[in-house]
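The block underneath contains the structure these notes are about, expressed in structure tokens.
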Amino acid sequence: MTTVLTEIEDETVDAVVPRRPRRRDRGVDPIPWWLIVVGVIVALYFILPTLFVIPMSFSSASTFQFPPKDFSLKLYENFFTNPVWLGSLGNSVLVATLASLLATIVGTAAALGLHQLTGKLAGFVRTLLMVSIVTPSIVIAVAVYISFLQWHLVGSLGGYVLAHAAIGVPFVLVSVTSALGGFDPKLLRASASLGATPLRTFLRVTMPLISRGILTGAIFAFVTSFDEVVIALFLRSPTFQTLPVQMYNSVTVEIDPTIAASSSLVVVAVTIIFLVPQLIGARKRSR
Amino acid sequence: MTTPRPRSLPRPSWLLLVPALALLAGVLLVPLAQSFIRSIGAPDFTLEHYTALFTDGVTMTVLARTAATAAVVTVVTFLLGYPYAYLMTRVGPRARGVLLVIVLIPFWTSVMARNFAWIIILQRGGPVQSVFEFFGAGDIQFYGSVIGVTIAMSQVLLPFMVLPLFSALSGIDRKLLLAARGLGSSPLVAFWKIYWPLSRGGVVSGIILVFTLSLGFYVTPALLGSPQQSLIAQLLGQRTTQLLDFAGAGALGMLVLVVTLVLVAWANRLGGTISAIGVVATNRTKDS
Amino acid sequence: MTTSTKNAATPVAPSDAAARQGTRIRLENVTKDYGLAIPAVSNISLTIEPGEFMTLLGPSGSGKTTTLNLIAGFETLTTGSISFNGTDVGTLPPHKRNLGMLFQNYALFPHLTVVQNVAYPLRERRMPKAEIARKVAEVLQLVQLTGRDDNYPSQLSGGQQQRVALARAIVFNPNALLLDEPLGALDRNLRGALQMEIRRIHREVGSTFVFVTHDQEEAMNLSDRIALFNNGHIEQVGSPEELYRAPETLFTARFLGDSNVFELGAADLGTSVSWEGRTWAVAEGTVSSHPSVLSGSAIVVRPEDISIAADLKSVPAGANAVQARIRDLEYMGSYRTAMLAFGEKGLTGRARIDALDATHAIGDDVVAWWRPQRQRIVAA
């Protein structure tokens, strides 16, 4: 009896993991050449302009002259030693970290709460929480600036963190909601039937399964805050500004090509943050 | 026989929403409300700030210029984005992944970095102008003009066109096209009669999205445009920090906000835009 | 033929009943109302004996899964009480009821390995690590799933996953095991094999099993007793044989196995009844004692109890007979089914005949007959 059972099951296991079929059906409907050309052109339009900052960052001139005359690391050196640049970098990291933390906690809780609720009110709340994505940042910036003036939050770390957390929440909400969507509700019942209290079920079952969604949301909230320009411009003070503000100044107030170094670093950093999970994911899939 | 006691605790789900709602209320809703109250002349009541928008001779001009720029940007992104999104639906999964990354990385790259890149490219004596000079058209001013702003904004906003489009197009079954061609239609006719109508939802979604975002754009026009040709976002900023006309700024802000919300609500009805943006922005498409 | 049994009263007594431990689960006047027109479960009472394999059987929406959820504590009672070994559990939350549960889609934790899944309830009970390891190994041996300890659920086949789920549900010696259509997602071969596994494990473990299914064959295969649900009520409770041979109502007769049904309307049920002018004998003990049998009843005869004769002369004395025409003959492998049209109005029915019997052909006019002891009069 047992051998029969295991035989049946071994066959079923093989059936569960099929071989990938060969691309036999490609020849029927090939992609037109002009579409590929257009695609490549658009792809270049996407990436190429941004790449200009990289060679620019190795210039030694004090203008934005391009192509740069000679090769030097002066700009990078300035970026990492000049207290103004370094300070703004530090502020950005600090603000982004705190804002991301706040947005993640608040957003995850909201996602968990909304997940269990249905009906029009819940839908309305969800839309309300997402509204900051589509509201123009200038409108938010202006309103927040005026109100924060009254509340003495302009130029303060707290003000920055609150504002950036508020615009980061939608990304966390979407990410965690998506993770919850792939979640089998029967797992919660199974855990309860096995003797776990609701709190234990949350910690041992729900949290691990949505942890990737939470992390993704946190990263997006971090990047959103780190790069945010408009609100940052309005909330700045002479003593407190973030990196994007400093970059803005280096174009408008006084020409400072260090912005090229700063831009390159940011571009490369974001690219790495993006490509690494993709590559890990790709390798996992082919295992 | 016992009758079980009914649950007396409120459902904890609503409690979980309190922090998020409090944060958003405090940081966004209250300031916006205050702004609105200011704009109608509190503690009195007056609509003069709103009427001024239409009569001051500046706001409407700037608004028209902004709308025109937004329209051009929308058209450009559409013409470039539709084929790209369509290509994404045609290629195999690995190529699609690459194409998607190409869209998402600029999406998440610092806006300042991207605008700075355009400054380098479009500046006087820069690569683009050198090329045009070569062809004898060296008078065209890119940097410091609406042309430059348009080119840069199109690149920055292109992901917002591609991603909703891709989401919509990937839901169309390609076999329908093949069926149409099998029934005798030429590829062009098949596209026009079958594919295009089915893609309209995503197209409208993307168009409204890009147009709306263009209206509110601040950084690109501020850096790449000229003060004489400022757009509505810059006007709003000026009114606030330079003119200190908080009430007027409030009115203008409300105008922009209302226009934005109306457009987005319209797009949302047509294609669930708000959640689409979020989904798209966090790369939670069907493939991932 | 046994007399028809009362609902919920007499359990079957298998030979090793005395050796069984396990919890007695009693439901009294249980109702669950969702506020819709009809309550999901309406005033049901049922006693599940210690160590019994009780199946809750019925079509979808009949209330069987709701009842299981009420026992588990995932739903709250509207009225009535549920007790385990005499202790009322109505207000106990699910995680305190100490019940094992098996779900149709296994509900294995995807982020935990097989061993971690099975150890989960033991960790919740703060058992020492060494003992956990021992018990996990023991129970995996019991369900015959070895060598897969560190695999994740996604790496296992459906049958293997279900066995992990089973192991997880019994490793902590629960009061009872609740199974919610656990084999529904498996294909036929696998289902049959796993049914035998479940039966074997029930014998070895000995605790109370409450099994929900809509598949009557599965129910008859596995159960000590079956509670048949219909629209939120329990239609009948009894052993598979009792339900099959002695149904009280037409619903029961139709749900379990095939039936030939001859409606009688509101008839006097003495030693004979009449149908379409024919008089048929009624044997003692073949009439249902259901209260509404006098206001409407029907005769039920199983296909395997009907024989076919060429004419009335060939029908044995004392048998009940009716003219029939053969509409179709279906070859089923080990037997044949003759689709018949009974009497003047051509009421459809079935008879089972030997596979090798070639005496009859489609279109033949024949006589169908059966012994009165094999017919049953049910409430209709």
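To keep things simple, chains are lettered A, B and C as they appear, and every chain counts its residues starting from 1.
The working rule: contacts are C-beta pairs under 8 Å (C-beta built on N, C-alpha and C of every residue); 3 or more make two chains touch, one makes a residue touch a chain.
As the structure is a prediction and not an experimental result, all values here were calculated from the model.
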- Would you identify the chain whose Cα-based centre sits farthest away from the centre of chain C? B
- Query: Centre of all protein Cα atoms: which chain's centre is nearest to it?
  - Reply: A
- In angstrom, rounded to a whole number, how far apart do the mean CA points of chain A and chain B lie? 18
- Query: Distance-wise, how many Å sit between the C-alpha centres of chain B and chain C, to the nearest whole number?
  - Reply: 60
- Using mean C-alpha positions as chain centres, tell me how far chain A is from chain C in Å, no decimals. 54
- Residue positions on chain A within touch of chain C in the complex are 1-2, 4-6, 8-10, 12-13, 16, 184, 186-187, 189-198, 200-201, 204-205, 208-209
- Note on the structure: In the complex, the residues of chain A that touch chain B are 23, 28-29, 31, 35-36, 38-39, 42-43, 45-47, 49-53, 56, 64-67, 102, 105-107, 109-110, 112-114, 116-117, 125, 127-148, 162-163, 165-166, 169-171, 173-175, 178, 216-217, 220, 223, 226-227, 229-230, 234, 244, 247-248, 251-252, 259-260, 262-264, 266-267, 270-271, 274-275, 278, 281-282
- In the complex, chain B residues that touch chain A: 11-17, 19-21, 23-24, 26-28, 30-32, 34-35, 38, 80-81, 83-84, 86-87, 90-92, 94, 97, 99, 101-106, 108-114, 116-121, 123, 125-127, 155, 158-159, 174, 178, 212-213, 215-219, 222-223, 233, 236-237, 240-241, 246, 249-250, 253, 256-257, 260-261, 264, 273-275, 277-279, 281-282, 284, 288
- Item | Contacting residues of chain C [partner chain A, same complex] | 72-74, 93-101, 103, 105, 107-111, 120-121, 124-125, 144, 156-160, 168-169, 172, 178, 189-190, 193, 196-197
